[in-house]
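Some structures to go through are shown next.
Look at the two complexes coming up: subunit A is in both, with subunit B in one and subunit C in the other.
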Partner chain A sequence: MTAALRLDGVSFSYGVVQVLADVSLVLAPGERVALLGRNGAGKSTLVRLVTGLARPAAGTVWVGDWDTRDHSPDVLARRVGSVFQHADQQLFARTLEDDVAFGPRALGFERSDVAGRVARALDALELGAQAREHPYDLPPALRKLAALAGALALEPALLVLDEPTAGLDRALRARVTRALLERAGRAGAGGGGAALLVITHDLTFAAELLDRALVLDRGRLACDESLAGLLGAAARLETLGLLRPPVAELSTALDLPGRPIRAADAARVLARVAGGRADP
Partner chain B sequence: MTRLILERVTFRYPATEAPALEDVSLEVKGGEVVALVGSVGAGASTLLLVAGDLAPRVVGGRLEGRVSFDGDGPRAIVLPTPWTQLSGMAFTVWDEVAFGPANLGLPRDEISRQVDQAVVRLDLEALTSRDPTTLSGGELQRVIVAGILAMRPALLLLDEPTAELDPVGARTLWKLVRTLAGEGTAIVVATSELDALPAITDRVVWLERGRVAATGPAALLASDALVVANMGTTVAAVWRAAGLPAPYPLTVAHAAQRWERR
Partner chain C sequence: MGGLATAVVALALTLTPGASPGSTNTVTAVSPGSRPGLVVFRTALLTAAPFWLFLLLLHDLPTTIAIGLRVTTMVASFVWVVGALPPPRLVEAMVAAGWSASVAYVFAATLAAAPVLRARARRIADAQRCRGLSARGGLAHRLRALWALALPLILSSLHEVDERALALETRRLVPGARRTSLSPPPDRGAERLARWGLVAACAAALGWRLR
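So, the complex of A and B:
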């Protein structure tokens, strides 16, 4: 099977500042992957390379079987849906649904197909009630969801999201989590769902949605392993600029079996272990 | 003595009927950290704009009630969109941080002192000669906070100040908030990082649809009402979801103590 994304020895510099050095990685279809690391580690630059907004100085970025050097960003958008850190800058139409329709229209899908894609994207993010509103009448947090809906409407094989939960409250984060889990196709990664590559500093959100962690450290890929494994290693986390999120910390402090990292799993295990005691 | 007072404040943005804030009263003194929590659109950002004298003065709109501020320094706000706060007048991070105090007309060596201190506090030493427009989102957020601190504000208003920071950077910022309060700064912070609050805040104000729904010590974040509303700490939420009885533990440390005694 063709990988959703493959980087072979990719390097990139801004002038004399080297931002990425010899990064290689592979994402299979339906994989849900966190891209972690300190501020300035090169995460957003990696997104620019994957979406074709920048070209690697060395190495190759493959989106499916396309070399990003051979395709312009608008063509790559057939396969990569992206949301940037400052998503406000991605909205411009008069109504939310028009805005979400822009991508699929620009890619030349049939009118009825566009309508279906827009409806599915708005539905996934529970934005149906706001479909006719002007994007800038929405609060900033919902504008962020609107930009994400635009990426979902492309129904791409790869979704690349830069800090999708910044500025969202917990209820909206849960909404984003549900929508993305649905797109990735929950069980059986590789089952044709979208691969997710998500930059986030919000490790609580990461634990709910993602199961593999890539960590960049000064432009190099410092780690590629299961997210649960990484969150279990407190000392190593800290050397990478990361901290254990509360659920993982709670699991460790209480020595919960299986060391769950998701809130619902931790609650279930806690209930079982506490089993019937009035005040554990 | 620094003191911010909002008395029965109602605020409407231009061309809107529904108030963004309704009948809000709040008093913050120097040395205090007050956290505003609430869902998106509940009014926390608006409250900061009102407290910072940006609403209605800059953004327009109508204000009823009374806002007063006393302090031996300016009041300053860190917006949730740090890239909009760059001066555009500086070619290096050091000059960007100096922009605020320079505009206050401080003497040159005083500016230097304040900038150097702010640079150290935000861990920006390695970036001082960089062009601000080449920074990552999180680096930029730290530069903006440093520029604000260099003005020695008596009242510091922070709107999602850690949104772009990596976890270690966020922890550094939260510690700094406590340090500044210790030096007498009054601080009001709006954040969705509820788990950071028990360690730093003296008081929590829960806003719902522009109104103050509840106010109390950090322990409020483990109360049934806030946990049900998705505004409690993660530990309190897990405890409740497990069907364990209230009172819920606020932090991992509380949970561990509780667990030992079981």
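So, the complex of A and C:
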């Protein structure tokens, strides 16, 4: 099966400052991956390379079987849906549903297809009630969700999200988590669901949604392993400038079987332990 | 000859160490690794260049040179001021000198607006391209693309006005309020002398032109 995203020895510089050095990685369809690292580690630059907004100085970025060098960002949008920081500033249509429809229309999908995509995206994020409202009449947090709905409506094989939960409360974060889990699990282009590559400093959100962690450190891929494994290694997290989420902290402190990192998993294990039926 | 001399002086100022393109306070863009002085100088030249082109299309060569040098002087001076002045320090200095904080803020905000808007415009253009917006095609398509780029910029900027107003109010930047400066920038005697000297020179030049 073709990878949703593959980076082969990718390097990138701004002038003489090297931002990414020899980064190689592969994302399979439907894979849910956290891109972590300190500020300035090169995460946003990597997203710009994946979306075609920047071109690698060395190496190749493959989106499916497309070399990003051969396609402009508006063409790559057929395969890559992206949400950047400050995404709420991109909204401009008179109604939320019109704005969400902007991408599919720009890509030339049929009118009926566009309507279906918009409805699915709004449903996924539970924004149906606001569909006819002006985006700027919505609170900032919902505008952020509106931008995410725009990316979901493209129904791409790869979703690249830069801090999708910044400024969202717990309920809205849960909404985003549900929508992305549904999208990653759904059969789509390429056979699997959409692969997710999510930049986040919110490890609680990451733990609930994502399975694998890529950590960039000064432009190099410092770590590529399961998120649960990374969250179990407190000392390593500290050296990478990351803070362990409470559930992972609790799992370690109580030495819970399987060291769950998700709240629901931890609750199940705790219930088993409390009932005297803990796994050995 | 006078025009050439003032243009050279203005351009030379853009190469001085004071004219360094910071991250938030200038209209000039800098990429990591580039030499700051040259960036400000280049920005001044690139901004002035289109004026020369249009002047040449409209006028003969002597008039183009005469007006072009004046335009270059104005552009280079403005770019230099913007490159050398961090707006927050300017506000501090103006408040310390007894100006109204609101006036100082309006002045500084004008200087700071260009880079902020440019960064936002770039973010919006990137985001719309990643949503499938293409600027290629016929005139109607290009106009629609322009709409999708310009409207979010205007809307988000207008929307920010309320937030800015609230932020200013919480900082007591309201009419009638008297503010004091916590750490006013030093105003040396030589600087005061230079400032009044420039005001006198401007007045003299104006008088000379109007006589």
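Please note the rule applied: the second predicted complex is superposed on the first by the 269 of 280 C-alpha atoms of A that agree within 3 Å, B and C clash if a C-alpha of one lies under 4 Å from a C-alpha of the other, contacts with A are read in each partner's own complex, and residues count from 1 in each chain.
By definition in this document, contacts are C-beta pairs under 8 Å (C-beta built on N, C-alpha and C of every residue); 3 or more make two chains touch, one makes a residue touch a chain.
Predicted model, so just to flag it, every value in this text is computed and none were measured.
Colleague: For the overlay on subunit A, clash or fit between subunit B and subunit C?
Modeller: Clash - subunit B and subunit C, as placed by superposing on subunit A, overlap.
Colleague: So, does A:72 touch the first partner subunit B, the second partner subunit C, both, or neither?
Modeller: The answer is second: A:72 touches subunit C but not subunit B.
Colleague: Go through the superposed model and pick first if A:171 touches only subunit B, second if only subunit C, both, or neither.
Modeller: The answer is first: A:171 touches subunit B but not subunit C.
Colleague: Thinking of the overlay built on chain A, is A:40 touched by subunit B (first), by subunit C (second), by both, or by neither?
Modeller: A:40 sits against subunit B, while subunit C stays out of touch.
Colleague: Let me test your reading of the model: by the given contact rule, A:267 touches which partner, first (subunit B), second (subunit C), both or neither?
Modeller: After superposing on A, A:267 lies in contact with subunit B but is clear of subunit C.
Colleague: Answer with first, second, both or neither: which of subunit B and subunit C does A:235 touch in the superposed model?
Modeller: The answer is neither, since A:235 touches no partner chain.
Colleague: Quick check for you: in the superposed arrangement, does A:14 touch first (subunit B), second (subunit C), both or neither?
Modeller: It touches subunit B and subunit C both.
Colleague: When both complexes are superposed, which of subunit B and subunit C contacts more residues belonging to subunit A?
Modeller: So, of the two partners, B touches more residues of subunit A.
Colleague: If we overlay the two complexes on their shared chain A, which of subunit B and subunit C does A:163 touch? Say first, second, both or neither.
Modeller: first
Colleague: After superposing the two complexes, find the one stretch in subunit B that runs into subunit C, choosing from 9-17, 99-107, 153-161 or 189-197.
Modeller: Clashing stretch of subunit B against subunit C: 99-107.
Colleague: Residues on subunit A in contact with subunit B in one complex and with subunit C in the other?
Modeller: The answer is residues 14, 17, 86, 88 of subunit A.
Colleague: Using the touch rule from the top, collect the residues of subunit A that touch subunit C in their complex.
Modeller: Going through subunit A, the ones touching subunit C are 14-17, 48, 51-53, 72-74, 76-78, 80-82, 84, 86-92, 102-104, 106-107, 136, 147, 150-151, 154.
Colleague: Would you mind writing out the residues of subunit A in touch with subunit B in their complex?
Modeller: 14, 17, 37-40, 44, 85-86, 88, 139-142, 163, 166-172, 174, 201, 203-204, 238, 241-243, 245-247, 249-250, 253-254, 263-264, 266-268, 270-271, 274, 277-280
Colleague: Which positions of subunit B touch subunit A when the two form their complex?
Modeller: By the definition above, subunit B touches subunit A via 38-41, 80-81, 83, 134-139, 142, 160, 163-171, 192, 194-195, 230-231, 233-235, 237-239, 241-245, 252-253, 255-256, 258-259, 262.
Colleague: Write out the stretch or stretches of subunit C touching subunit A in their complex.
Modeller: 31-34, 120, 123-124, 126-134, 147-148, 151-152, 155-156, 159
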